[in-house]
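Next come two complexes built around subunit A: one with subunit B, the other with subunit C.
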Partner chain A sequence: MLYRLALRNIWRNRRRTLLTLSAMIVSSALLILCLGVFSGMLRDLLATATEQYYGHLVISARGYQDDRDLFRYFSDRESLSFLSHTDVILGTSPRLRNFGLLSHRQDSAPAEVLGILPEREKKVTGLQDALVAGTYLSANDHDGVVLGSGLARRLGVAPGAQLVFVTQAADGSIGNDLLTVRGVFRTGDAGHDNSLALVPLIWLQNILTLPGQLHEIAVRTNQPLNAAVLAERFRKRLPDSLEILDWGQMLPEMREVVASYDVSRMIIVTILYIATGLGILNTFFMSVMERTREFGVLKALGMKPGQIRWMVFLETLFMGCLALVCGVVVGVALSLYMARFGIDLSGTLTPITYAGGTILPRLYAVIEPANIIIPAACLLFVSLLAGFFPARRAARMQPIDAIRED
Partner chain B sequence: MALIELKAVSKIYRVGNQQVAAVQDFSLEVETGEFCVLAGPSGSGKTTLLNLIGCLDRPTSGEVWLAGQDVTRAGEKALADIRLNKIGFIFQAYNLIPVLTAAENAEFTLMLMGMAKKNRRQRVLELFSELGLDGLENRKPADLSGGQQQRVAIVRAMVAEPAVILADEPTASLDSQASEELMILMQKLNRERNATFIFSSHDPLVISHARRVIKLLDGHLEQEL
Partner chain C sequence: MMPKVICCFAVILVVLSSHLPLRAEMPELSELIRRVEQQYSGQSSIATVTMTVVTGHWERHLTMESWSLGRERFLIRILAPAKEKGVATLKVENEVWNFLPRVDRVIRIPPSMMGGAWMGSHITNDDLVKANHIDQDYLFTLLDEDTTEWTILGQPKPDAPVVWGKIIYVVLKDHLIPRQIDYFDEEDVLVRRILFSDVQTIGDRTVPLKMTVLPLEKPEERTVMHYQALEFDVDLKSDFFSLAQLKRRH
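On to the complex of A and B.
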């Protein structure tokens, strides 16, 4: 009967209860949505850096990633077969890289030219999805190039145009050859859009006189946030001359951003729930003070302070649980909507490149368990805390004072 | 030994820097099965006395004994237990719990005692029909008349068969006919069930029904009839 009493007490002042409930529901639902959108931005930031260029993990000759020295290469016959025997790896892409000059008629521009195997590269990075003109390299292409939109604009080229690439080869000679533009990509990351060009691996190996040699193998995993742990696991099985780096080591600032996200999430949650909690506390206190006389009667009838405390506590617990369920349902529904459709802001905002990644001009949400569990747990905690003090107050009332009060 | 024994009880309230003696050096014995009234003008200490007997308040000095137990020395939880098991209260303003139905109100103490739902409902319904409340068990207090609410309150007070039933001006909110009926009912319960009643009143009509009249004036025993 205590449960029934508590439940009926909740609905005693219907309007107030509904207002309080809706405040609790709206705050937790919006919080879930906000955190989902923040996670979405963070995921964009990380994905633009790692899934358009770096990969989550990179294997290269020791020291190569520090200065990208042409001569720190390794053979594509190194035994790295262990990479294909694990289910956390979604793709590996062997690459060769050099810097040089791309020219078209009178125009020329410095470029970072990345030799790739198109079918393997597609499994690691997603540049094929960022094309604004033409097509990606095909598997048997031997002199095609896909380049960033800034670079294409600078050279004044479109798919079909011929380019000349000039660079220093490994044997000291000057290497140069013709390329045909196949496609143009735009990622939003100015660095890549203005200087990156993808060419067939064999073509670049020939120009650089490095047949069968690689500079790196980029790896994509299904656990990007766990990359450091995976790197550690693979490190032991690498030949001594090679090293494996995770994106956190290649992009230390990005790692800071990701780490600080957890802190900022807690700060947002705390601020919002302090405000919500004070509101709930106020309502619960009002509802207890209004019933002073009733608590006196209950005590006179022989109800113990502990039972009164429990009854009031149950009221807030019920409300907390109800708000929690509704808040999570609404919050997840909103997040799902934002995950599915999102809001495109590219008309009003330009992309921001930050910490090696790019915040894309769109709002979209990611559903992450923590973004639901943290607001839900905090809501429950706050309503229990907000119920604790009124419950204690009710339990401490003296029956005669309470009954006398009119 | 008497059921209730007050030994030189005083209750002194402090108002500002003045002391008000609501009850002073008051001694009283009440036996099981008595039907007595505390009579006296407003401010004479009736409510204060009932609160002391009902373990809702502690005396400033003196002792209150209930069924051989010195309740002045009992702790908060023990007092709650005594109130639950030994005492039934009937309040002037009925004070039913508005969100509970008549029957739920009436069986509240049995619920606190842990009696099974079926048993307690049966006991409540028996008393309901004895008090003419048949068919009202599922009404909320707001849908009952004052007299009906007061009768539900009586069922609530006595359903657990407490040692004593205390009623502070139980008829004050009722018209004279309802008051008369209530007194006859309480007398009947006193006779048939040997329930001990102590109530307060300043209504001569009500007082005339009592077998023992304890007259109070300014916190003193003025006269006993």
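On to the complex of A and C.
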């Protein structure tokens, strides 16, 4: 009976209901969009650091990441198959690294040369999307190189040019061979653009006389902000000689940036919640307040205070749920649009490289469940609270006072 | 003008010091250091050298042939092992080039790589370029002296482009040859020691044929250069030290 009454009450005064609903839909949708854009900025910052070079997790011989010593390598036959049986892992890329001299005619430059398997590296880093000339390495390329734009400029090379790489191999001999430039990338991070070169893994293993050996396996997960927890989970299954580091351990500055970013985001988000919450509270409160007389009549007809409270609760619950469904749909739609197209600000802003990551000049959203569920739950709670107080007040009043109230 | 003044000054010094025994036979310090640093090159030289490099991870033996002219030009080429045969280094004034026969390319060593190892040894490219200027870039003082040797401290001149913070030479009075050279970094930490041994007389010169380079922060590592054949004052022209000669294979 209360059920039907509550529903009928909602539709009785359409204007009031629509006003309340639209207030809630608009505020929840904007809140969801806003959180999505915040997450997008954080994702950009983190992604430029991890998804252009490091990966979210890195497995390497114990101590390798401290000094990148050539001799701290491990065999690609290590039993790491558990990595491929986990759904949180999007890709793993075996790598061998060396620092040597790249040379073209009269020009030479020191470079960090990273031996990779192109098809697997693509699943971990996104350098293939940062190409400004030529192509990425293909799967069966045996002597190609893709290098940073600054390095290419210093050597005066474009795709098609031949480079010589010279280094000291692991047996002490002078390793040297020719490479053909396939592509040039530009990430915005000067460090990588000026020194990084990607070559086929097998090629580098041959030069260094380290066949079948690796320096690290970079891992991309679908939960970058959760990388430390994932690292802990995999740590137990690694052989003793290997270690796993998450991006927070490799880039401690970045971890601090993320932490300080989280704090400032929390402050802004709290203000947003309070602002939207007050708006909803106000609309719901007023819509229940103006029915004090009606509740007085119901009470005079014999309705118990508990039943009135329950009825109002059901009304606000129905409306809250309806509004949130609509609000979430609109919010997600707006976020999807921002995720897909975004707003380019490169006309007015330049990218800022900071703590190893780059803040890109764009507004762009990512959709995370937490950015939808938390605002929805909070706003529903606020609306129920907004209905509860005036309902309780009305339920407590003497019928005669309630009826007389204007 | 200047040389005359210095000459006069030197004469006065010699006259003054002639009262002190022992001191009289000592040449000017920077001249002495110049002789020490150029003991293997002379006016010109041809040599066959074996180089043994030992590190914690590998040990290798190279046989090389080298040519030098004055202090600014030298060429050195690997004869063995077969894998690296023909790899060569040419130094002309402040430039260093390497030739890589496997890829048939000449590579100029950029300034940023001058501190890098030369041929995988504990000798850097900078050693090749700057060693010949040590007598010009440093100021020398006599630290100690006994009946057989001098201990000489070299400190960089204020604006000299140097690698070391301090160098200490121990030079044998007999034949004016070095016994030991210690290299200190800017923090005054002893980082490298070179020991000389196997003293032999070649023509009218007496030189230590064996040179051992010890990087002191890695006690297990060393580079030993041993001259197998050494010939001084040979007929070499400066145009011998060319990129074309660098690329010649034997």
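Here is the rule we use: the second predicted complex is superposed on the first by the 247 of 406 C-alpha atoms of A that agree within 3 Å, B and C clash if a C-alpha of one lies under 4 Å from a C-alpha of the other, contacts with A are read in each partner's own complex, and residues count from 1 in each chain.
What we mean here is this: a contact is a pair of C-beta atoms (placed from the backbone, for glycine too) under 8 Å apart; a residue touches a chain by one contact, two chains touch by 3 or more.
Quantities reported herein were computed from a predicted structural model and do not represent experimental measurements.
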First (subunit B), second (subunit C), both or neither touched by A:I403: first
First, second, both or neither for A:L90, with subunit B first and subunit C second: neither
Touched partner set for A:L298, first subunit B, second subunit C, both or neither: first
Partner chain in contact with A:L349 - subunit B first, subunit C second, else both or neither: neither
First (subunit B), second (subunit C), both or neither touched by A:V329: neither
Partner chain(s) touched by A:Q307 [first = subunit B, second = subunit C, both, neither]: first
Subunit A partner contacts - residues on subunit C that touch it in the complex: 53, 55-60, 83-84, 87, 98, 100, 102-103, 105, 107-110, 112-113, 116-117, 119-120
Contacting residues of subunit B [partner subunit A, same complex]: 51, 54, 56-57, 76-77, 80-81, 83-85, 87, 89, 91, 95, 97-100, 104, 108-109, 111-112, 156
Residues of subunit A touching subunit C in the complex: 71, 101, 103, 106-110, 164, 166, 168, 170-174, 176-178
Residue numbers on subunit A that touch subunit B, as the complex places them: 1, 4-5, 8-9, 12, 293-294, 297-305, 307, 399-400, 403
